[in-house]
Amino acid sequence: MQVSTQNRNKGAVISVSGDIDLYTSPDLRKEIAKLAKKKKNPLVVDLEQVDYMDSSGVATLVEGLQLTGRYEGSFRVASLNDGVREVFELARLDKVFDVYDNLDQALAGF
Amino acid sequence: MQVSTQNRNKGAVISVSGDIDLYTSPDLRKEIAKLAKKKKNPLVVDLEQVDYMDSSGVATLVEGLQLTGRYEGSFRVASLNDGVREVFELARLDKVFDVYDNLDQALAGF
Amino acid sequence: MRECLDIRIPGHPKMMKLVRSTVGQACEMVGFCARDSHAVVLAVDEGCTNIIRHCYRDCSEEDIVIRIRLFKNRIEILLRDFGEEIDLEKLRDCVEARRRELEKQGPVRPGGLGVILIDSIMDRVHYKSSQKFGTVLKMVKYVSPRGEGEVASKHSE
Amino acid sequence: MRECLDIRIPGHPKMMKLVRSTVGQACEMVGFCARDSHAVVLAVDEGCTNIIRHCYRDCSEEDIVIRIRLFKNRIEILLRDFGEEIDLEKLRDCVEARRRELEKQGPVRPGGLGVILIDSIMDRVHYKSSQKFGTVLKMVKYVSPRGEGEVASKHSE
């Protein structure tokens, strides 16, 4: 898994590529925590290049939602491929996240 | 592995897809033997859709070369991908076969 | 012919990618659609990471043995650890509680998702645990005759 | 952490696709380029099919155990069968004869290619055989610092 971040005005986009699993999710968690500390708003996680995500990835995103919630920031996930979308659905968390079809839509207005 | 054959004038083209290994090569062997019995000339094996071939596949093609040689038929292989080409090279048989970049070239004049 | 494969790996997160690739290929051989293959891979991954985290507590170098059995109409996967006996009653209660929580869409919290995923994906899930032999998690998934959509339709029932 | 994986399969050609997929993923994790990964997969495949054909004579239901060890700079793969002791001297002679034949580009015949491929691809190849423990084929391949082209350049030396 690779993570790279771009600042956009007051917000930030974390672009992830590769697999998000128990081995790699701590790196994503750290990056999200760092940006949440800076109160980035919105905080967008772009999953376009992610082929696989397990429950540790979902848990990491739920944490992001909680962290940004503390300063009333908007936490957004963009570009879920079929497999990633299914994990959210199976975990019944698909309604909990602000999911955008692509990065442009996630960033609209910023 | 899947094999399908098209007759072309006096010749025939065997199109193979999938992996040619110890498990699947007997099917290819059977098809080549059948067409060699009918003295098809040229006998072209199109490997464009083959991702993987092991030494049992190479042995099968060497047999084809021998069978068609008996009636002075031309045995041709077309569209080797990198992996397949490498097996020929490693087995030092790349010079033994009439190898064509694509099916059109293998069929030129037929 | 028995179509059976045993894999033995150290219980470390780094090995999961290798397990996923093998299980994915096994699913393809059985004839699962891409969606179901992905789901089975996910269930096996969750089963293994649960062993690493809860049974080996992220620190043991014990192994995990994965047995994969291929059938015409299904795949059977057994995960075996070499840890302490676990309280299956407690596990079941914990899962039931988490499931109700998610159904009510109450306050969102991370964690507690792995067992739910396994349960939603696989057609049969059975734990067996003993002090002597550790825990075996047996999971079975049938090839859906309807193909695509099986997983989704099941969880929205 | 040990990065080590044991796979146990029945000695049947149908299982090879599964082995290839696992070995391919292991090579990727070590950091081999696509070309070298493919070559290592081929060598393992040839080693296994030799066991199936020559040691188990296409009919036994005995198992093959494949041990894969991942290192920073190399992969080590051990193939183990449960068959009779084999005559390693004879094997070596047979390979040498076939190699000379191919180098001279004499009359072409099928067969006798598997061991040549293994030998050309892997950096170290070692057989050990005994009546009691069957045969173990140990193969080592180093990650080429130059990347692409390693296999090709080696065989044309």
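First chain written, first letter: the chains are A, B, C and D, and each begins at residue 1.
Methods note: a contact is a pair of C-beta atoms (placed from the backbone, for glycine too) under 8 Å apart; a residue touches a chain by one contact, two chains touch by 3 or more.
Note that the structure is a prediction, hence the values are computed from the model and not measured.
Colleague: Return the chains common to the contact lists of subunit A and subunit D.
Modeller: Common neighbours, subunit A/subunit D: C.
Colleague: Hop distance check: subunit B to subunit D, minimum number of steps through touching chains?
Modeller: Each step joins two touching chains, and the minimum needed here is 1.
Colleague: Using only Cα atoms to place each chain's centre, name the chain farthest from subunit C.
Modeller: Of all the other chains, the one whose centre lies farthest from subunit C is B.
Colleague: How many angstrom lie between the CA centroids of subunit C and subunit D, rounded to a whole number?
Modeller: Between these chains, centre-to-centre, one finds 32 Å.
Colleague: Rounded to the nearest whole Å, what is the centre-to-centre distance of subunit A and subunit C, using the mean of the C-alpha atoms as each centre?
Modeller: Comparing mean C-alpha positions, subunit C is 25 Å from subunit A.
Colleague: What whole-Å value do you get for the distance between subunit A and subunit B if each is reduced to the mean of its CA atoms?
Modeller: Chain centres of subunit A and subunit B, defined by C-alpha means, are spaced 49 Å apart.
Colleague: Give, as an integer number of Å, the spacing between the C-alpha centres of subunit C and subunit B.
Modeller: So the centroids are 43 Å from each other.
Colleague: Check each residue of subunit A and list the ones that touch at least two other chains.
Modeller: There are none in subunit A.
Colleague: Give me the residues of subunit C that touch two or more other chains.
Modeller: 14, 17
Colleague: According to the definition already given, which pairs of chains are in contact?
Modeller: A-C, B-D, C-D
Colleague: State the interface residues of subunit D toward subunit C in the complex, per the touch definition above.
Modeller: 1-10, 12, 14-15, 17-18, 21-22, 24-26, 29, 61
Colleague: What does subunit C use to touch subunit A in their complex?
Modeller: For this pair, the touching residues of subunit C are 13-14, 16-17, 20, 34-35, 38-39, 41-42, 45-46, 49, 52-53, 102-103, 105, 108-111, 113-114, 116-117, 120-121, 151-152, 155.
Colleague: Spell out the residues on subunit A that touch subunit C in their complex, using ranges where they run on.
Modeller: 19, 21-23, 52, 54-56, 58-60, 62-63, 65-66, 82-83, 86-87, 89-93, 95-96
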